[in-house]
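Below is one structure, written out as structure tokens; the observations come after it.
Chain IDs A, B and C follow the sequence of writing; residue 1 opens each chain.
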């Protein structure tokens, strides 16, 4: 048993935990464009100060949080009825219905985001449709706006919302709703007082699974968003690859980590508790 | 009751349309004659031949497949150990840290993991002169974030596992190790199998982590796709998307079959 | 007198602050069908798991066939167990399940095959060798579990609630079947059960457990007729507990009480009124409120289909019992 624990513990310690110490060390250093790697070690808080005083970075933080929160809410509103419908479907249909939700997740993330590029372009299929149907004579391009990013996140992360929701809704005893109805609850009341509270663990898990990665999302804002919508993941990427400013990129990573440590811990607690209940 | 169910099923239909319409359109336009992805210029398979003659794309795909196979196998082994430890070792020093370490890579934004792993490899290069960035570093990075997914699947399976089966085996004279090999492993094999498939897919698809740790020489398939689509839509990518969706559908059917067999 | 097959000395197992098994001393002789009887949480299952080696005791000793079992892991103990849920391996056929233990011993393939066939014949499942556990009925599964344990020819077979998962009708048939097999093979069985009827009808000797302790050991007859404590008297069957003149307690079984309309001619009598009647087919139970306020239970055997006299609720009746009908309790 000792070896069984030690192997993953060591691996994750070396490749996951230890690197964060390095990130912190680099974040406290100074950018040195002429040396390789472009860092001068030191103890300077200037990168962190910059992140919280410069309007550009502040805007990026706020935009990231706003987009992540909004898209999480939209994903929940779309995903909950879907999960509910699958859980209420005939038992022999459920695996197929669930597979249809999961299938896109097994295809390439990159390609799924790419799929929207052709749809949302100024002359893309969506605008062609709007013109053809006469809804809008001269529709504005959607690609390159915050809307496109929102749409992309909802689209890409929908399976992550549906799966945990389905897992809790499926376990829900139908007898409880009958009992509620028997005791005089109208369907909507039964839903609000029985189904919703009992599916709360699924709601929390699903929201965290969407929110946490969405805050630091890079591919979606990069491919679907425009230059005026800055998300922090994309800023990190640009600082690192375009500006070769490793310390600033590291500082962003540290801040992102600190920001998300709470939600991640919450997610882990939730996960551990739901598994303990099963065993 | 009926009204609520009807609303939910309508939303389900809408959700499926939302999930699949873009993919179907991408696949449809892979047979487009025109170079413009938004204008239908007649049926043609020319982009299929173009893609399959694209040396750079094919060698990138081959590299990605090799990395995915190796990293999925390693992740399956380590993830199996991690899932087993989480499910069975109730108390040991550092258990809560261990639990967090196993779960966190699953949700950690990839840019954060990417930069941290790159700095690790740069640090190792300075200290030990290696490893060279490429196949090895990409594989190590992919293993690290895939472990979580395998571990979760294995842990969930073990949580449903009837432990008296293991006791029965030991009672009949099996040592703990033989019990694991003859009873536990065969029964959780489907979970390990789907964990492997999951790790394989994640590795095949990863862009961000790979971009950070790849170095100058190695170009994986997602890196090629990314540099191509940054410049706009490309009919070759539509072809690739069609292939990927087909392969994913097959893999999923296979994994569904594997899990159903466990029952 | 030969060495007992099981000797338990001061065995204790604690879970946190709770002593699941508390300083238990017990001996089981060769060839016995020994039952551990008690309510849920009394420690009987923990005691069985200590015997099998799935739990390690905090203190005390456990000897099997004269050998100290301290530190001996389950797979090295000369004991086999039939699990409550049977724990058949779902990924193996019936024959593979039964042969599992022999393969672990390294028994030759041909011998394994013969012994498996023999064991399956013993439990009348020869035609089911290639089936999977999921394709069997509950009763068949139970017999596979039995064959799987017996094929190892253990010195001692432990049975954890062997009949609990069967329906009532099947349970009765299986009871006799288990007793027959035990006698035929000359094995020692130790069985855990919460069902007193099961323990009484099967066991040659039994131990009644409460809160981790063995409170009485004896033959079913002894335990029923001569309980040592109020707990045992109350737990096994129905007992009227009366205060004896010397400050001790007297246990009086309902069937030892005569119920009549007129004062009976017995050493002890009491008058009262019927408050409840429970018709159980073979017998009827009457709860009678005595004039002093106590309620006693009396039983009548329903020997005739239409009884000569029948009592109704509310009727005034007499109870009577002989001088030696009750049993004086130790505590």
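Throughout what follows, contacts are C-beta pairs under 8 Å (C-beta built on N, C-alpha and C of every residue); 3 or more make two chains touch, one makes a residue touch a chain.
Predicted, not measured: the structure shown is a model, and the values here were computed from it.
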### Query
Based on Cα centres, what is the most central chain?
B
### Query
Which chain pair has the highest count of C-beta pairs that touch?
A-B
### Query
In terms of CA centroid distance, which chain is the most far removed from subunit C?
A
### Message
Need the CA-centroid distance for the pair subunit B / subunit C, whole Å please.
### Response
54
### Task
Between subunit A and subunit C, tell me the centre distance in angstrom, where each centre is the average of that chain's C-alpha atoms.
58
### Task
Just give me the whole-number Å value for how far the CA centre of subunit A lies from that of subunit B.
17
### Task
Name, in rising order, each residue of subunit C that touches subunit B in their complex.
52-54, 73-77, 79-81, 83-85, 87-91, 100-101, 104-105, 148-149, 152
### Task
Provide the residue numbers of subunit B that touch subunit A in the complex, in ascending order.
1, 3-5, 7-9, 11-12, 14-16, 18-20, 22-23, 25-26, 29, 37-38, 78-79, 81-82, 84-89, 92, 94, 98-105, 107-113, 115-117, 119-120, 122-123, 140-141, 143-144, 147, 151-152, 155-156, 158-160, 201, 204-205, 207-208, 211-212, 222, 225-226, 229-230, 232-233, 237, 240-241, 244-245, 248-249, 251-252, 256, 260
### subunit C-touching residues of subunit B, taken from the complex the two chains share
162, 164-165, 167-176, 178-179, 182-183, 186-187
### Complex contacts: residues of subunit A adjacent to subunit B
1, 3-5, 7-9, 11-20, 22-23, 26, 37, 78-79, 81-82, 84-86, 88-89, 95, 97, 99-104, 106-112, 114-119, 121, 123-125, 128, 155, 158, 162, 177, 181, 187-188, 191, 208-209, 212-213, 215-219, 222-223, 233, 236-237, 240-241, 246, 249-250, 253, 256-257, 260, 263-265, 267-268, 271-272, 275-276, 278-279
